[in-house]
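Naming follows writing order (A, B, C, D, E and F), and every chain is counted from residue 1.
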Amino acid sequence: MRPITILTIVGILSASLLAVVEDLTREPIAIAKEQMKRKAIEQIFPFPFDSLRTVTTEQTTFYEAYNQDNAIEGIAVETSTEEGYSGLIEILLGVSPDQKILGYKVLFHRETPGLGDKIDKPKFKEQFKGRTLENTNWKVKKDGGDIDELTAATISSKAVANAVVKGLEFIKEQYPKSSAE
Amino acid sequence: MISEAFIPAVASLGSVALTLGLIIFYVSKKFHVEEDPMVTILNDTLPGVNCGACGYPSCGQFAEVLVETKDSSMTCPVGGTDLAEKLGDTLGITMAEPKPITAVVLCQGDNDTARETAEYLGIQDCWAATQTYVGPKQCRYSCVGLGSCIAFCDFGAMRLENGLIIIDKDRCTGCEACIPACPTGVIVMQEKKAERYVIACNSHDKGAATKKACDAGCIACQKCVKVCDDDAIVIENFLAKIIQEKCTSCGKCIEVCPTKVNCILLEEDLKEAKQKKAS
Amino acid sequence: MNEALNIFTRGFVKENPVTKMLLGLCPVLAVTTTAINGLGMGLATTFVLLGSNVVIALASKAIPSTVRIPSFILVIATFVTIVDLLIQAFSPELNQSLGIFIPLIVVNCMILGRAEAFASRNGLWYSIIDAIGMGLGFTFALLLLSIFREVLGAGTIFNIPLVGEDASTILVFALPPGAFAGLGLIIAGLNSLEKKMGDKK
Amino acid sequence: MNELSGLLLVIVSAIFVNNVVFARFLGICPYLGVSRKLDTALGMGFAVTFVMTIATAIGYVLHYGILVPFKIEFMQTIMFILVIASLVQLVEIVLKKVSKSLYNSLGIFLPLITTNCAILGVALIAIQEDYSFVTSVVFAFFSAMGFILAILLFAGIREKLEEADVPKPFKNVPIGFISAAILSLAFMGFSGLVK
Amino acid sequence: MKTFKTGGIHPPESKFTENTPVELMPVPKELAISLNQHLGKPAKPVVKAGSEVKKGELIGEADGFISANVHASTSGKVKSVKPHPHPGGHYAMTVFITPDGQDEWAEGLNTDPVDWHGFSKEDIIGKIKNAGIVGMGGAGFPTNVKLAPPPDKKIDTIILNGAECEPFLTADHRLMLESPEEIVEGLNIITSLFGGEARAYIGIESNKKDAIETLTSHASSKGIEVVSLKTKYPQGAEKQLINAITGRTIEPGELPFDKGCLVQNIATAVAVYEAVCKNKPLVDRVVTVSGLEIGKPKNIRALVGTSFRDISLFCGNLKESTNQIISGGPMMGKAVYTLDVPIIKTTSGMLFINNVGIEKARERTCIRCGKCVDVCPQGLAPWLLANVAQLREFDEIQLLGLANCTECGSCTYVCPSKRELVHWIKYAKALVNNRQKRKSA
Amino acid sequence: MESVNLKVSNAPFVRSKDSIESVMYNVALALAPATVMSVYLFGMRALVLTVVCILSCIAFEWLMDKARNKPNSCLDGSALVTGLLLALNVPANLPLWMVVTGSFIAIVATKHVFGGLGYNVFNPALVARVFLLISFPAAMTSWPMPAPFSFDMMVDMETGASPLGILKTDGVQAALASLSLMDGFYGTMTGSLGETSALALLAGAVWLWYKKYITMYIPLTIMGSVFLFTGLFHLIDPGTYASPAFHMVTGGLILGAFFMATDMVTSPLSIRGQLLFGLGCGLLTAVIRLWGGYPEGISFAILIMNSFVPLIDRWDLNDRKAENKKKPEKP
């Protein structure tokens, strides 16, 4: 019977230790997760912000960034498309209160390394800055639009444009006023 | 300080561990299989080269049989005396000590001494050559000199020098793996001794024929037989042979042998003898 | 002391867990796309190795042989979970890129192997040295492979770009085939290096 | 129908697209260690299949039966590995008694399986991907098939390489890795098959 | 035109001597008559140095069931009995005779032909045995043994092998043109041993049109069918010949009589006729001497025991550039290492060649082209056999059908990588044999 | 007379004239029409690329023989064939340093590391091609438009997607619009150097077959199974799946089936093995073309089936053994 007792004791000791460690790290983990998100958002906003408000809707999640004076400085929205070369592309799109694009960050994609994955490279992303739903023909140049497609990765480029449009439209719905200004 | 996860964590892991422990305990009792741990111990002690010198196909088999029979006469030539002691200690019996033996090539016909036949261009292997014709050396009893046996030696004790196999006595464990590897049967086993005399020739041709084929061959001239005080040399079928039990290693036979080099075994001696012959 | 030094150094080349003993290969291949990942994985593994070696060196006498393996595994799993939680708390980026391979440190055969073959038979002091030596040897191999792959596959080293953004890098090295090939090349390289060294001696 | 085609995708993905060995890098140690001979490779493959399928099923029950209700998901690793280790030991004990011949052919692989990270990995992935019970089991079984495929092909190649005149430094392990590299290169052809 | 089912090749025929009539070679200065001219145990010598012998006198006596008598090929004095190089490559006990120049037959031998129809079966077999007749197609199996199969084996097909499929060789071809009556009589004698039902065939390759015509005209009335065979190597190999003519397949492990067949060489038939009707032992044979390195290629009738040296001198000497001398044909023969070797009862040819190929041919690796598999008449996988032989896995190689290989050499002939396939196979056979010997010892 | 220097070797003493060289140079010759066609279609650049590829392969072969202390085999033709086939497998505007990298992968990493000619498990040219495709997807998937008799070096060549690429990204209509079947047959379409002209390739293949250097078991099963499989889906849904005829003439199918799957070193030896191999190649090609991420699947398919060859060989071996076991040997 000794083996069983020992195994059980080892199990109980391990479990206790783990429970303690888990308890200690629960807080830091939650904070770390929050920080990750914040960092991501900080990356797409060209300015520092003070606080962040997370809004979860049925369709997606978005974040409002406020400055010290509690005025909205930027909105970040999670948007996605299934039309990538290898399916799903998720991006975090940041716009200013007047619904101009500030930048975006790719959260998830499976595009071909070396081709489609350039959608996450600054060179491609740069061109989106300052665009709005209205001031841009959201098609790729090939199809007569304004977006410079990546060579040999038109599909990925189109997909990103689509996701961006989807995000912009969503924000327009949420903040009908600000865009009217 | 105790977190809310503490109790469920401890309880669940504890109970899973307990359950599994119980199951294992029960099952291992129910399905217990008797096994002799001695076999494993012996197996670890043995050299593990599975050379077959002991007469069993593998070291494991040797261990099994040894544990079963406790036969103290079983020996592992490779492990030698040390191993015999260890095995004996483990089993609590006194093991017979293997006589150290070594392989000996009964031929001195290298590229300088043995005369050639037609050039051989087939597969470079002693068996392939002898299966094609008498072989690249005129003497059909000779070491063919293509080294087929080398690969069979697990201990790296064989090497080819100037068309003749040389056996490194220090490495040779007497495992006998090379014997079936040789088509002309020119390798034999002999007890390891510090000084030992062997007629290192395998030719059963008559003297004249041997002489024609090789400078180093035994021509059955009888001189050594006459000079040997211990009657340790006999001539069988045109080839002299030293009876090891009788030989006292006096070395007289070397002195009288007209071909000078055919009675040696120690490698150092062999070189010396060659020099002697040259001078 | 000499003995300790010996135990410590053999993990690097002579008995390197990766290139010689071929243990714990999955994380080696999977997470070595960047040097930082490789380093992180190596250190995490070293930590677990150290923890488990210490505990097992202390407790092995008390553990009966029938439940030896499950008990050892429990000890190892405990440390792995601790590392997992710590990484989640303090380096979420690393957590994201190492992903499932952190819990899989549990089944890194190197750790159980060391516990079985070394810690349970040797004293605490040597077990600690062994753990550090082996752990660093493991980290060393990971680092070697990940630098190789990062430089060739992504054109960066520790995420610092070496070539321009538009330059073609050899992408294969960032992908699974590159991991296999890279490790193969490293082992072959070490083989011939060792042979050369041996020849010189 | 939809369910079925979903399962089909899981199967294709598990065997070809996300092959445990070539794409997920799981179970590499036995893949390299036990692939010198076809027969032993096959033996290993069967042993893995058996343990992997059962371990994933039990893991699923444990996870959704204990870990989630009690909010102790952080105990996942330790629970799963405990189950796997015990399972392996059980199988070994039982096999030894019940069928000596099966034990002789599979037995030596069993201890290795405890530290085969493919087992734990697949069990964890099944949870991570939110598969249903049936899907999890199917996924585990066909992941094991993927493992068998990989190790069989590899063993065939390695047996052939025994006869080949491989340069010294590349003998054995390195050439094994190079072959594995080319194999996984070839298997990349399946990428995109399951989006 | 008939042929066998699987495999086969067509090397250049090079039959330089097909129109050269057989020339009788005079008795040389010394004869070296090997006591091992057949399959089975060598004959026991019954003479000693100094004995006087007459032509056709017994000098070696069959030793055992599978063995054959050996006779003096000419009259003279026995010089010595000692081991001597043999065309097979090894030494064999050999009786050296210094001819007295008379070439005088011993009493009662080589008489005028008598009618054999009254002889009993036992008589005929006895005469054949006494005459020391062995298969002259190459293997040298004692003919008397072959002609007396176990009673449970019914022979219904008797085939004379006139295929002569090897390049260069023309000895059988000339014999068919020059001695058709003897051949047909020999065949009739053989057929008579198996009762009335047995069918008799003579198989001849289509490149010997004249021989087919000659034999057809001689055999037409006697219930013998002359079959024209496609010119394809190894058409003359026993198993392939049987397959071509009867469609039967000799399975691995079977002998021809298991399928009711018996195959004899053309020259063997002549020897049988001479033994039975003229009481003449086998002391000479037709040999093709050919190759680009011999002065005058010829077909000669030479005494058993004549050395290669004497024959080369008789045929215009060999050129300096000769680097290989082959006993037999280029596909199955053996390279001899000295001109001292004598011809024996089975030596059908002798080639003097300058084989530039062997100088530079080195074995390269198998490129798996599969040509060897395509041409193997026995349906084997020669590349595999060779690979396994190279790895010395002799249990494995036996399972791959090692024993079925007839060593025809077709595989080696076609291999673009110049691998020594048959040689590896022979090598494996030698080692397998050796192992079995050791095991039973 | 005694001065003759006899040599002993084993029968047979005559050997056929076939050699590795004759086999390989004949394959190269059979590829000549396709090579000429590629120079016609893509101009000087194609020629330069081909020459660089062949020379670098031969150079690597020479280097490896040196490094491994082996007899020099760089002119035995196998490196030439590998180089030529690699060249025919890439777009005409591929940067030359990538071409040389490919040669390195083919000769060093896929052939010599495995032991050299005859020992390699995978098809060297194909491993190199797939390596390049995955490493440099952009360069490997932007095909220059054919421009007959152009002698420029294609610095700013107009590039486009291959018909199969269009099929994958833009669907059947676009793909069919981009090409008439006759174009595909004669070869005036985008694609790698050697995969465009079915006519030139088939001419070479027929000649090789006539000279008995290749058999048709593998190519015909590949073509047949691709035809049937794509045909089946075309019948089910012509809107999504292109016609089998389209699949026949586009991409590297013909080049792969007739010249690369037939590489004897890396394909099975037995007829049934070859049929199985061909079937596997065909089905995998079709599956990848229809549903995979890559527009073309033949290279992957052949490589994957290459890895099955040892198993197929083993199957044959076991059957041979079983057959011999059945018949007990008589003494």
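Definition applied: a residue touches a chain if its C-beta (ideal position, glycine included) is under 8 Å from a C-beta of that chain, and two chains touch if they have at least 3 such contacts.
These numbers come from a predicted model, not from an experiment.
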Hey, what chains does chain E share as contacts with chain F?
B, D
Chains in contact with chain C and also with chain E, listed by label, are B, D, F
Farthest chain relative to chain A (centres taken as mean CA coordinates):
E
More C-beta pairs touching across which pair, B-F or A-B?
A-B
Need the CA-centroid distance for the pair chain B / chain E, whole Å please.
43
When the C-alpha atoms of chain A and chain C are each averaged to a single point, how far apart are the two points in Å?
33
Could you grab the centroid distance between chain C and chain D? Build each centroid from C-alpha atoms only and quote it in angstrom.
21
Within chain D, the set of residues that touch 2 or more other chains is 72, 74-75, 78, 82, 86, 89, 163, 165, 170, 175, 178, 182, 185, 188, 191-192
Give me the residues of chain C that touch two or more other chains.
66-67, 70, 74, 77-78, 81, 85, 168, 171-172, 175, 177, 181
So which stretches of chain E touch two or more other chains?
89, 334-338, 358-359, 365, 420, 423, 426
If you go through all the chains, which pairs of them touch?
A-B, A-C, A-D, A-F, B-C, B-D, B-E, B-F, C-D, C-F, D-E, D-F, E-F
Chain F contacts chain D in the complex at 68, 109-110, 112-116, 119, 121-122, 127, 130-131, 134, 284, 287-288, 291-294, 297, 299-301, 303-304, 306-311, 313-314
Where on chain F does chain C make contact in their complex?
98, 101, 109, 131, 134-139
Partner chain B, residues of chain D touching it in the complex:
62, 66-67, 70-72, 74-75, 78-79, 82-83, 86, 89-90, 93-94, 96-98
If you look only at chain B, which of its residues touch chain C in the complex?
17, 20-21, 24-25, 28
Looking at the complex, which residues from chain E come into contact with chain D?
365, 387, 390-391
